[in-house]
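Below you'll find a set of structures to go through.
Each of the two complexes below includes chain A, the first together with chain B, the second together with chain C.
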Partner chain A sequence: MPGRISRRRIAEYVATELIEAKTSQAKVLQQLAAFLVDTRRTTELTLIVRDIEFQLSQKGYTNATVTSAFDLTAATQKAIEAFVKDKTKAAHISLTTHVDPSVIGGVKVSLPGYEINQTIAHQLTALKTRFKKA
Partner chain B sequence: MTFLNQFAHEATEEVQADLFTALGIDWRLLILQIIAFLILVYVLGRFVYPWLMKSVDERQANIEAGAKAAAKAQEAAEENKEQVAALLDEARKQAAEILGTAKLESSEMLSASEKKAQTTAERIVANAHDQLGKDVENARKVLYNDTLELVALATEKVVTKKLDKRADSDLIADAVKSSSTKAAK
Partner chain C sequence: MSELNITDLSADLRSAIEHLESNKNLDEVGIVVRIGDGVAWIHGLRNAGYNEVLNIETPSGVIEAFALNLLEDEIGAVLLGDASEVKAGQTVRLKGTVLEVPIGPELLGRVVNPLGKAIDGGPAIKTKQFGLVEREAIGVMGRKSVHEPLMTGVMSIDAMFPIGRGQRELIIGDRQTGKTALAIDTMINQAKQNTGVVNVYVAIGQKFSKIARLVERLKAEGVMDQTIIVATSPSDPASLLYLAPYAGTAMGEYFRDNSQHALMIYDDLTKHAVAYRQMSLLLRRPPGREAYPGDVFYLHSRLLERSAKLSDALGGGSLTALPIIETQAGDISAYIPTNVISITDGQIFLETDLFYQGIRPAISAGLSVSRVGGAAQTSAIKSVSSHLKLGLSQFRELASFSQFGSDLDEATKKQIDRGQRLTELLKQHQYLPAAVWEQVVSIGAVTNGFFDTVPAPKIKAAQSALQTKLWADHKKDMQELDKGAKPSDDMNALIKKVALSVAKGFEG
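== the complex of A and B ==
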């Protein structure tokens, strides 16, 4: 019986497959899902996805998750891409956008190992927690 | 006159001869009675008087002893009276001393208890002041935090109502610019 494969190795494999595009993206993800179901490791999915993102960023492919209260305009998206590129020095940048009205305004950019939260909701929370007296 | 003298002389002789008879005394009985009296005196002197005298002497001795004892008792009573008086004086002095000491002690105790009560009252007041200060401070904190929450909530409400897509884009642009500047530094 083969030994347990570490999350890092799985992430490396998936990242390599996605970058080299030997197999289609959907096929790679199907393989990953099948593997996790087969080895009963579906609970590790979130961690593995995070590891894959990290491996991709190490190889110059950075995916940034952007959360805002409204749809982002093209100019805003470009500005964010430029910011992320400057920050990570990655060759390839992809943005995943989420609209979440609870952030009120501003933007939250999540990168592998880094996050910038400039939302109004976050600033209000910071205001409350920073100035609150115990 | 002679006749009369003679008559008187005869009459006297008759009187003398019959005096005992006239008086109803029998001289022989008298003698016997005298003898009997003497015998009685002798018997009494021999047997009764010594015993009687002895009893009297004993009684006298008893009475004298009683008198002496009474005198002694009187002396003892006098002495005891003096002792009792002395003891009473001593007792009065001691009682006065005890009373004085008790008054002093009670005064000291009263003073001490007053002092203690005053200290306790001062401590209670100080504690109350401290507690009041803490309560006020806590109330201020609660008020401050509530105000902060209220300000945050009001800001959230106002911003949610006033912020549109355009303003949000400007906000995001500023935020990205600010972050880039910070990163460059």
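== the complex of A and C ==
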């Protein structure tokens, strides 16, 4: 009986297939979906997607999400993209912006497996924790 | 939570907002996948280390956890805080450190939880240093052989199973046989005899009412100032019960590493093993014998190996351990008891039968042992105790014949009488540890035959009268004897003279 393949291995395989483009993207994703249905692991889909994103970022394809309280200007977005490129050395960066008033101010840049959180909400949480411990 | 100063709070808030950390470093993050029974399963954090602290960001602040299961796809982390605030999808970051607790003399006199937070209602504890909860034991060359006595004040122990500084001596017995009482008397004796030994009492899953009574007793005896209590109740999460002995040991190691002497009491390691079993099963680790995980031996061996006598080069400090194990129906061949017996340097075995016969402390002279032995015994007590163990073991062999009183030869009757007197002598009230001189004169009076005319039921009264008379009439000599050196011939003659005169008043 074959052993259970880990999510990490699945993600590595899918990411490699997507980058090498020997098979079409649609076909790769179809194969993945069929595998998950066949092995009754559809509940792990979200986590596998996260792992695929991580593997792609390791191979130079980074998907960054920027969360802020207000809309960012084009110049700010460009600066963030340059910052991400500098930090990750990724060849291809895809930036997605997201407005969330609950962060109050500042920005949060989420990369696969990493994050920079300079929002005011994050600072307040840290402050809350410090006073709780006291 | 301590009283908040609104002015300080608003200044802190302004400062935090103004000086938003320009942290240009990418923090590695993961997310909580599922949470249950105090265990959070986390996706991501590929660089997390074993025992590394993780910060889970909840709306009401950061909850800490530590990583215990490092699997290929996820991490199993045991929560150190309130699990109700942790939800799936929350972000988790690496703290960058392994578990640490505050250490230092600021903890003396306080009751803390395994994370070093005060739970005695006093002010928050601020220490200058932090110690690793999990730390490697000192190597071979950093140690010295155990040669200094740790006086417990319990005559049976100091005379027959002496404990040395740096030794691990197990206290084992069924429930309600006086295990904790022995440990408490040992702590009280450190204050009474001004030994300078710091006590660290680790209460693992003990009722807080019991701990409160203990604190009151220690305060009444003047011991609390040199004691740290690390307390966990049965309602605390298993993670805190698991960490408690290690955290306590980190606190004790501070004194050991600073050329002082500390005494660790783990009450009790049976509950510690049960808490670890619970955590391991929840982490889906394969169960072994009696459902304990395969590394339950290592759980206690790595803890107890940190108790040691350091070499002179490292300061000569020591950390002595008195772990306590509770047995079921006197079965010392069960899994956990045999594990800990094989780790420690001896055991004090308490028997239920002896306890209910009125022999308290209910120490079994036949099953108890101290592997360090005479090397850690004061010369004064060594000079009188050599016949004690022999007398008791001969009495045990002949005890069954005592019912045939009239049919026995004189030598046998004499041995039985001597054994009965010794048994009576070794009974001791709780919270009344005996000083060195008290032990020497009492044991010497019986083993040398000075009290042979005193019937066994009157031995305790005769002992008390002897001690009172010697202290009243020969205080300086007794103070000299209390220093522990082997008594001179003159001292022995004095004790003999007084003992014989006291014995006359109690002849049956």
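We adopt the following convention: the second predicted complex is superposed on the first by the 112 of 134 C-alpha atoms of A that agree within 3 Å, B and C clash if a C-alpha of one lies under 4 Å from a C-alpha of the other, contacts with A are read in each partner's own complex, and residues count from 1 in each chain.
Just so it is clear, a contact is a pair of C-beta atoms (placed from the backbone, for glycine too) under 8 Å apart; a residue touches a chain by one contact, two chains touch by 3 or more.
On a predicted model such as this, the values are computed, not experimentally measured, just so you know.
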After lining up the shared chain so the two structures overlap, which partner does A:K22 touch, if you call chain B first and chain C second: first, second, both or neither? neither
Which partner does A:L127 contact after superposing on A: first (chain B), second (chain C), both, neither? both
A:G106 contacts which: chain B (first), chain C (second), both, neither? both
A:H92 contacts which: chain B (first), chain C (second), both, neither? neither
First (chain B), second (chain C), both or neither: which does A:S6 touch? second
Could you say whether A:A69 touches chain B, chain C, both of them, or neither, answering first, second, both or neither? first
First (chain B), second (chain C), both or neither: which does A:Q118 touch? both
One more residue to check, A:L47. First (chain B), second (chain C), both or neither? second
Thinking of the overlay built on chain A, is A:K78 touched by chain B (first), by chain C (second), by both, or by neither? neither
Report, in rising order, the residues of chain A that make contact with chain B in one complex and with chain C in the other. 83, 87, 106, 116, 118, 120, 124-125, 127-128, 131-134
In the complex of these two chains, what residues of chain C are touching chain A? 1-2, 4, 9, 12-13, 16-17, 20-31, 33, 43-44, 46, 57, 59-62, 72-73, 91, 93, 117, 124
Touching chain B in the complex: which residues of chain A? 68-73, 75-76, 79-80, 83, 86-87, 104-107, 116, 118, 120-121, 124-125, 127-128, 131-134
Interfacial residue positions of chain B with respect to chain A in the complex: 141, 144-145, 148-149, 151-152, 155-156, 159-160, 163-165, 167-169, 171-173, 175-176, 178-180, 183
Chain C contact footprint on chain A (complex, rising order): 6-8, 47, 50-51, 54, 83, 87-88, 106, 110-111, 113-118, 120, 122-129, 131-134
